[in-house]
Amino acid sequence: MSIGILILFIALIPALWKRSDYFVILWILGSSFLAYEYMEVLYSRSVQDFILVMPPPVGSVSIALNKLSAFFGVIFALGLPVGMFYGHFYLKEHPIDALRSHLFWLGVMGLSMHCLLWIRHSLIFLMFWELMSLSSFFCVLFSKRSNREAGLNYLITMQVGAAFLIAGFAMAYNQSGTFDFSGFEKMNTLPMYLILIGFAFKAGIFPFASWLPQAHPVAPAHVSGIMSSMLVKTGFYGILLIISINPFSLLEIGFFCLVFSISAFWAVCHLLSERNLKRVLAYSTVENVGIAGLGVCAGLLGLQANLPNMAMLGFTGAFLHLFFHSIFKAQLFYSSGNILSATGTLDIDEMGALAKRMPYTAVMTLIGIMAISALPLTNGFISEFTIFKAMFEAPAAAHLSQLMPGLMILAVLAFIGALAIIAFIRIYAIVFLGSPRSAAAENACELRRGLRLPIAVLSLAILLPGILPNIALRFVKPLIRWFGLDMKHFAFLQFQALQISYVYLILLVLFAVFYIVRKLLVKEKRGATWACAYPRVTPRMQSSSITYIQPLAYFLKPFMYKKSRRVKEEEVFATKVEYDEQHLDAVWEIIVRPVSKAISRFLLLFSRIHNGKTNSYIAWGLAFLVILLVWVVGFR
Amino acid sequence: MINILSIIFFPLLFMGIIHRVKAIMVGRKGKSLWQNQRDFFKLLQKDEVLSQSATIISRMAPALSLAATITAALFVPFLSTKAVLSFRGDFILVMYLFTLSKGIMALAAMDSGSSFQGMGTSRELSFTAFLEPAFFLIIAALILSVGAGSLSAIFALQNVVSAGIWNVFASLFIAIALYIILLVESCRVPFDDPATHLELTMIHEVMVLDYSGFSLAVIHYTGALKIFIYASLISHLIIPPYSSAVWYLLVLAIVYIFTGVLESLMARFRMNRNLELVLVPLSIAMLTLTILLVLNTGVW
Amino acid sequence: MMNSDLLYSPTLESAQPQKLDSFLDRIGELINGGYQPLAFFGTDEKLIYALMGRPQELELICTAFPASSQYPSLTPEFPAFHIFERELYEEYEIVPLNHPWLKGLRHPSHGAVKFEDYPFFKSDSRLIHEVGVGPVHAGVIEPGHFRFLMQGEIVEHLEIQLGYQHRGLIGLLCDGPLISKMPLAETIAGDTVIGHGTAFCRLVESLAESSPEANDIRILLLEMERVAMHLSTLSALAGDVAYIMSQNLFAALRTTVINATLSICGSRFGKRALCVGGVNYPLNKTLIDTLKVKMQKCAVQIKYTSEAMFASNSLLSRFDDTGKVSHEDALRFGFTGISAKASGVAVDARADYPIWAYPGFEVQTVASGDVYARAYLRYKEIMQSLHIIQEVLEQIDPAAPIQAALKELVPGKIAISIVEGARGRIVHIAKSKDADKALWYRIIDPSLTNWQALAMAVAGEQVSDFPLCNKSFDLSYCGSDL
Amino acid sequence: MLNFFQARIRHGYQAIPDPLTVGIDSAFPGLPELAEDADLTLLNELCPTKAFEDDGLDLGRCIFCGLCSRKYPEMVTFTPNYKMAADSRQKLIMAPGQRTLPRMDFVLPRQFRYSFALRSVSAAGCNACEMELGASNNVNFDISRYGVDIVASPRHADALILTGPISHNMADALSETWHAIPEPKYLILCGTCAISGGLFAGSEAIDRAFLKHWQPCLYIPGCPAHPLSIISAIVSIMRGSK
């Protein structure tokens, strides 16, 4: 294993002494080592591995990297330290008593994420998987107050997911007789789907995604940033792992298309109506995972219909989107962290006019918003552009059966894309523009430099590949080759990326010209916003968050599960008018919550165990794994 | 080159046609054909009053939106069938450039924090949700039938008189769908009334309520250009491939005249019914697509 | 064709001040007896008057200002009083106790409540936002402020704040000889010149106990004004739904009608046509004939255009079920004119308090109470008026005298005149001070009571339908602000 | 649809060919003419707005009620000449024997020659002037043919056209609107009330301070001002009066 990992281990020591600064420094150091290593793997060496022989029943554990894991590795190695850095300052903003354990678990989480990529042995993989879930759970438990329930639900959901994985791995083991990942090739349908579902829990795909919007708002900004931009990717990594080494029938691909479409659509509907800033971002994670998934589907479809171009574009798009999402999503979460620190609330109806009070964050967030709604000049556009191109290759397919899914994805993608744009314009407008809707927003002010720097870095990372897509394309190129996709068309894509850059050049030049001309020509004067000459305008005279989506809500009603309360009392004249509505996640309300309640009630029987001492938690986690081990072996 | 010229000169001129037609229809003297240019140049020479709550966004929005629309226009065939720029799949970029220009204007509108503009924005944005898929499906359908890769090529090749009765239907349907998109995008009757004088019922107008002078001129021009783009696409869809510019101008004029006639004979819809109508192009596109699928992949 | 002084001197002994509570009881009795409050106001002689009326009957009662300058409000029981009590409160600071909506009305600079701190009705919930429209509206419209409480795009509640048009007209009417105030009376509402003008003339005439000449010409002008107003409203309605065809056709027709008015008196709105005692300009034979022809052509045109308009689906889909006012509300709040008739309430001064006999006149009504009803009713009334116009034109005698000699006012006399203007029932009531001045003068424009109808009509509607509803009522700002 | 065209065809072509030269019904009281020997004090007795000054009849105050011309036809006659407008208050005074109003010197800058946007503000007008202003853009008079547009937002406007005597309650809103108009901007007074307060000049509910601060560039007398007067006046400052 690499020196990078070692450094990260060492980083845990300052964590125990609450020295978050050293902790961060070590993280940056270690990550840079790791990043170098991953890059090396990605570009030069095919794989780098060594076998670690352990006592049975574990047997020989191969620790190796392949292009795929290296790809994700790079994402983590670049993303995590930024998150840690932001966290360092965020914790200064929001001091907590349990700093020690928080830092510790933060470190453990990052570590386990990295280790996952190296391990190619299902048992050990599971162990780290569990460790990751546990540690992230403790990271989510930030402030003692509100988030107990959400955190616990999160843990339980993760355990259920893990259960699927365990079952799947176990069956795979029975089938192939080895714990090594090589045993996953050409596996039976049942175990494969069990594993896929298991990963789907982490990846945040529709029926299993309800934990995301619940856990994120309560977690501190840096944790939710790391979780939804990177932790979630581990799930996707697992899925790709399976997909890359198993063939699929057209029917199955169609099914995947359906799942991802539904997942993204479900997310975007909530995205439109949600009023909690962080929850919005959480939903959009689900949506973006869905889009990436659709890219993968396109790729598979291309392979199916042997349209090499389509396959290449599909996978390229998917990888690009995963990569870019980890950038702009982190950026947005950190921005939301800043907004929370400045206003002390996450309800967008409490905000407004922040652009005047925190101009810096406003500009950064604008970039993030543009990226997440895939507008040109940002990286988000490049990935969606590629996926769209893949879809437009579909008409060349020989068979209706191969063509239909392609077109379906096309329509869905376009629809989702448009809705997302609307949703985020709405969010941005309400949060940053207009006039302040509450005293909190009135008194908001810009935050310390340390909280802005990471966002600036990420914004740069959004714009650079956005305007010069070739950078990003070079990054995924080896991966594409590794997947054995059509390099000829890839070269063409790179050429096109160049063209796009030129188009952008034209766009920017034109913009600059018009803007400057205006500057030179026009004499500006300031006046009150035109409100029909009514001199006493109040901030309440601007649309509330529901106004923006009402025309759409009229259409998406069936997909929006909301509780609304309308009061109108009048004698001769009105005496009271009130309205309030909440958009809820049906899955969460109807299934997850009751179930997890039941489980936690069951767990209360062991309340003695649940003594809040972290080490005992680990003990139980490990014990759980031992039992699992015994069970698996016994099975054999 | 000739296309760039038409981008510069035609949009406002053709808007004039609509005014003339409406005037003639209702029997009034009406505005001159050149009125739009006159207003444009007048506005260029005026100062601006910006809202106190306005941020940098309001300032840059018109310029950016115009830049984006012009860039998009470079991919579109106008007088000459050969677009200035074109590459395989450029229509995606074009569509997203439109979205960019609309998105930034939406932000700018809400920048002023007036409740009218909030309403207008939500109304206009909700249309896009259904227009984008429609547009993409239309393109997909066209690709199916002509197999070309870039916007200009597609619309140059596809046409009514090409072989096969189905193709005729297809391109007619698509023309209709595109025309509805035109009406929506340019916010004309029956979706919106550019002549209305009531903040509460405006859609596009109310978004620019706070703009003046130069910026306003730019916005007007951008709107005109957008209509012009769609109209040109329609006209290229109708006329035979690589036919003379005369044909193109003829059909183009017809499209505008028809708009004028329609506006004189139709009342606008109730606001919450607009969306239902925006679904029409989507469904038409799907219909056409199925027709072409049946046609090209020859199932049953 | 005039059966004149019917109804012009209500039993004056009943205008002797009564005890407050017997006054209130009496009002209760009258209302239960099917009376409507036509006017309710205080005067500088420290008296509160109430003019109650039901078809063919009027009763004027009054009481002294309550010593404690407060009294139990009538509004909770009889909503029709709400606006009058607000007026009373504003002008004399007499507080109607537990009045549910006690706010300023016209906000004169010396009024009880300041214009700036008008207490708008508010909602606490975040998701209800406010929209304020006016005073300077987008079109060429009079000023007024509309405050919506909105749930998204749906109007939860509308509050109308008037007073921008308040120009102290009453005060001006009362200083100086009443007879010289004709031009002022014409500007009470510049679009209802004849309506208010006639009311004024009739009032002064009955104060002077003289009977006027040339009533038929007055009728002619009055009905022509009605036609013109309804046409302009129809045109505007069509314009609001971007139906430019009918918009322009109706506009052109209106022009023809008001130009006809111009050819009579020189003003398109009939200003300078009336004078106390008769009219200023005679009608000669040729003019009468040309008018006949013009109006005939108009009638045909209007018929065609309206039928075309009311047959167009895209337009009907906008008019139907928009801005409903229920029959009950129309009765409870005592709306008049179009606002009431379109909800099936047959109130029309021409039938209830005729100043002239209209042979074979029956009140036009439509039941449904929505925008369509109001639009269609206007069409029906136009046709009716055009018919009346033709009849009148038949009867006018070019040779007849057009002005009666003026007598002096009878001091201390109270007179009432009621005219059905284009918007509804116009009530003028005044008391003469001496031979030429008025002690007090009261004008109740139909709009004053009908604004409430608009507020009720738009509740629960899409806000984008508000302008349509507003136009369909077409109420006067200056008429109620004075 | 068909019956529409039917209606439309019966309707015929309604627009006035040329509002600048068209004749008008002789009953219309346009530009008044005073006889050389007109006894102004006597007339002023009669006049409801006391529009007769020592040096003639002030059109800015005259409400064209015709009282004087009816009583003393030999002294005052109202000609059907609707071309009444002036670019300064003094020019509105018709001296005895004067036949026309003095020529207007004021002309708008070039860019407004064919495009001019108005924002109308009604400040306690009686709605007659407002309706006439609206009418001047209807199918018959159709001021839009000259490139004049009546716009919704003052931001889009070049001029503010004021009707009504400016009530106390409307004063703020008026100046709000005026300040919302981008430079270069112009102020037009339409109707007697706007110019002088007309019948309401004496009322305590009127607040005409606004006009102290801002200089109108055009006065259009009339009660109400006839659409033809409005059009000819506005066009003449756009293109210069011939």
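A, B, C and D are the chain letters, set down in written order, and residue numbers restart from 1 in every chain.
In the analysis below, a residue touches a chain if its C-beta (ideal position, glycine included) is under 8 Å from a C-beta of that chain, and two chains touch if they have at least 3 such contacts.
Here the structure is a predicted model, which is why all the values come from computation and not from measurement.
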item: If a chain touches chain A and chain B alike, it appears here; value: C, D
item: Partner chains shared by chain C and chain D (touch criterion as defined above); value: A, B
item: Closest chain to the centre of mass proxy, which here is the mean CA position; value: B
item: Chain located farthest away, centre of chain C as origin (C-alpha); value: A
item: Separation of chain B from chain C, taking each centre as the mean of its C-alpha atoms, in whole Å; value: 47
item: Approximate Å spacing (C-alpha centroids) for the pair chain A, chain C; value: 65
item: Whole-Å gap between the CA centroids of chain B and chain D; value: 41
item: Inter-centroid spacing, chain D versus chain A (mean Cα positions, whole Å); value: 66
item: Touching two or more other chains - residues of chain B; value: 25-28, 47-49, 115, 119, 122, 196-199, 209-210, 213, 265, 271-272
item: Numbers and ranges of chain A residues touching at least 2 other chains; value: 523, 525, 527-528, 530-534, 541-543, 547, 550-551
item: Sites on chain C at which at least two other chains make contact; value: 129-133, 135-139, 150, 153, 245, 248-249, 252, 312
item: Residues on chain C engaged by chain B in the complex (per definition of touch); value: 129-133, 137-139, 150, 153, 238, 240-245, 247-249, 252, 312, 314-315, 317-318, 322, 462-467
item: Sites on chain D touched by chain A in the complex; value: 121, 153-155, 172-174, 176-177, 179-180, 182-183
item: Partner chain D, residues of chain B touching it in the complex; value: 25-32, 34-35, 38-39, 41-42, 45-49, 196-199, 202, 205, 209-213, 216, 265
item: Residues of chain B defined as touching chain A within the complex; value: 44, 47-53, 55, 57, 59-60, 62-64, 66-68, 70-71, 74, 85, 87-89, 92-93, 96-97, 99-100, 103, 106-107, 110-115, 118-119, 121-123, 125-126, 128-133, 135-137, 139-140, 143-144, 147, 199, 209-210, 213-215, 218, 271-272, 274-275, 286, 289, 293, 297, 299
item: Of chain B, residues touching chain C in the complex; value: 22, 25-28, 115-116, 119, 122, 189-190, 193, 195-201, 263-273
